[in-house]
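Structures are listed in the sections that come next.
Presented sequentially are two complexes of subunit A, the first with subunit B as partner and the second with subunit C.
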Partner chain A sequence: MEKTIAGKTIAVNEEGYLTDFKQWDKSIADVLAAEAEINLSPRHWEILGYLQNEYKNEVPLSIRKIGKSGVVDIKEFYQLFPKAPLKTATKIAGIPKPASCI
Partner chain B sequence: MKETNGEIKKMMIILSKATLENVYAAFVLANGARMEGIEAEVFFTFFGLEAVHRKKLAKLHVATVGNPAMHIPTMIGGLPGMEAFATSMMKKEMEKIDMPEVPEFLDILSASGVRMWACKLAMDMFHYKKEDLYEGVEDVITVGDFYKKSEGQGVHMLFI
Partner chain C sequence: MKHLVILGAGTAGTMMANHLNHHLKKPEWQISIVDEREEHHYQPGYLFLPFDIYTPEDIVKHIEEFVPKGVCLVKGQINKVLPKENKVKMADGNELNYDVLIVATGAKIAPEEIEGMKGGEWQKSVFDFYTFEGALALRNKLRDWEGGNLVVHITEMPIKCPVAPLEFAFLADSYFKHKHMRDKVEITYVTPLSGAFTKPKATEALEHLLHEKHINIESDFAIEHVDNETKEIVDYGGKAIPFDILVTVPTNKGDEVMARSGMGDDLNYVPTHKATLQSKEYANVFVLGDASNIPASKAGSVAHFEAEILTENILRFVKGEPLKEEFDGHANCFIETGNGKALLIDFNYTHEPVEGTFPFAGVGPLRLLKESRMNHLGKLAFRWIYWNVLLKGTHIPFVSATMSEAGKKYN
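Moving on, here comes the complex of A and B:
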């Protein structure tokens, strides 16, 4: 599937996750965040950067790992991305939806 | 159904047992709900209270007797030390799949906004006090209170 985000044609899956991280940039993140009703603050960017790094290092993401990351605790993570934080944050970060139950 | 289009808005989970496999089932479902943006509340009743009792919550066991899926003959499952053995085996496997132990799991649930309640009747029966319980348990409530909290559309209730 393709979707026009911030004036660019971007490949996404049926849930709206980018399928090619190379197409991601900050303007795309801003649009995806707005769709999730989130205004990206410097704190959000820090976490998005962390998630992208973990993805690049092929570390599977889970809420438990987020809590142990030292970047953000679980409570703040839920405050920053209130609805389904891991799903929302990974979508904005342009990386795949984690397949974790924990 | 029409108004919410079948969407699940809140899971009300009743945990009545303290065997590790049941406690994990309740915790994974509660945490999984929060991860999906669904509200979750857990009502601890009867033996389920042990999962939030400060002195007991870190020492829960799997049941080795009366559980055919364990593939341990009941006679052997009843031998001293079998529960502890099976529990330590299970915990090793759990760690491999990134499953936290009960104390850490409770902290994760609490930080994720899962609301936890203790059953008044069971508390009275076991002579437990609110101070005996994990700090994430908000209050000791009656069944009626729990039903009241379960009102609304898209709320589902689950008994474990």
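Moving on, here comes the complex of A and C:
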């Protein structure tokens, strides 16, 4: 599937997650954040950067790991990305939705 | 004489002992299996205990009964594994040297991971059914409970048998109907996932059933604490769900022994190659069942399929041959849906559960992802199969270790 985000044609899956991280840039993040009713602050960007880095290092992401990462505690993670923070944050970061283990 | 040591005489370890006993024989090989427990529990039976469908006698037997003659059962607590020295240190100071080690130490609940879960209400109004004691305490509570809010809850993934909490909700619906008090009970299913299950097609079918049975669903709920005063579970977003009885599946973790041995990840699961079942760190260590971190279900059926493939790989390993990368994450689970019916799902790493027939394509007699009485009979028959066929490592006819795509409706 394709979607036009910030004037660019971007490949996404049915749930709206980018399927090619190379197409991601900050303007896309801003649009995806706005869709989730989030205004990205410097703190948000820090966490998005951390998530992207973990993704590049092929570290499976989970709420538990993020809570223990020292980057952000779970409470704050929820304040920054309300409701389902990991799902929302990974979408804005342009990385795949973490596979919830079976 | 070479020594193969199996840690854990649960479902996975016992099956491996039975498999390997046919192949690695004296005087070249000695097989030992280590466990501190006296009893072997049929864990799927814990689901039925709270509803008075099974009695404790149905699900508990002696551990020795299933360890084959010729395999040495070492009863005792493990202190730690020293994988660099090929040694297992026991709590009593004894040491076991090994040439090949199989880790089958399983997973267990860790309610202490969540604040307040193991608080004052533990086993009064907060229960688990993943332990024998928990399931029994819950049975006694349900027997004379007069109704209210029943909350069935999953703390975080992964858990053993991810369908069990759903089955619990379905069976509870059926149980209270039979007691003519369903109208007095509100059942709510609370999950950290976005839907009823981890796979899209099964989620659709299961959510339909929840709806049909008037079971509420609360998804994306990441619990922060249990409030023992107000009797609520509260999530990180501040959402609170009140309960009169909370049936929770606490965080599941691998055995502490793996943490003490420096062999586990943050949940004590052992990093394992998902197709060969060899440890990622130590070539002569293999891991099967719930103890590993592979992205397959933590379920007896998975351990059964793994055991067939691991047996072959261990025989290859001892002969110095390359391992087969064959395990595909095959899982096969009955899902009790109440009122004498059940669903069956069959899937692997890459193929989600879909509709179809099993094990014979186009014939059945079991139906995939559809409720049927036959599936329920299959689930009940499975207890006999477990004790008499599965643990003994006998191949189940017509059901292959890797998943078959025949008879399944993929789009």
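Here is the rule we use: the second predicted complex is superposed on the first by the 100 of 102 C-alpha atoms of A that agree within 3 Å, B and C clash if a C-alpha of one lies under 4 Å from a C-alpha of the other, contacts with A are read in each partner's own complex, and residues count from 1 in each chain.
Please note the rule applied: a contact is a pair of C-beta atoms (placed from the backbone, for glycine too) under 8 Å apart; a residue touches a chain by one contact, two chains touch by 3 or more.
Only a predicted model underlies this, so the values are computations on that prediction, with no experimental measurement involved.
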Subunit B versus subunit C as contact partner of A:K26, first or second or both or neither: neither
Which of subunit B and subunit C A:K87 touches, first, second, both or neither: both
Partner chain in contact with A:I74 - subunit B first, subunit C second, else both or neither: both
First, second, both or neither for A:R43, with subunit B first and subunit C second: neither
Subunit B versus subunit C as contact partner of A:A99, first or second or both or neither: second
Residues of subunit A at both interfaces, subunit B in one complex, subunit C in the other: 62-65, 74-75, 78, 82-85, 87, 100-102
Subunit A residues within the subunit B interface of the complex: 60, 62-65, 67, 73-75, 78, 82-87, 100-102
Subunit C contact footprint on subunit A (complex, rising order): 62-65, 68, 74-75, 77-78, 82-85, 87, 99-102
List of subunit B residues in touch with subunit A within their complex: 28, 31-32, 34-37, 98-100, 104, 108, 111-113
Touching residues (chain side subunit C, partner subunit A) in the complex: 156-158, 162, 192-194, 198-199, 220, 222, 224, 236-237, 266-267, 295-297, 329, 331
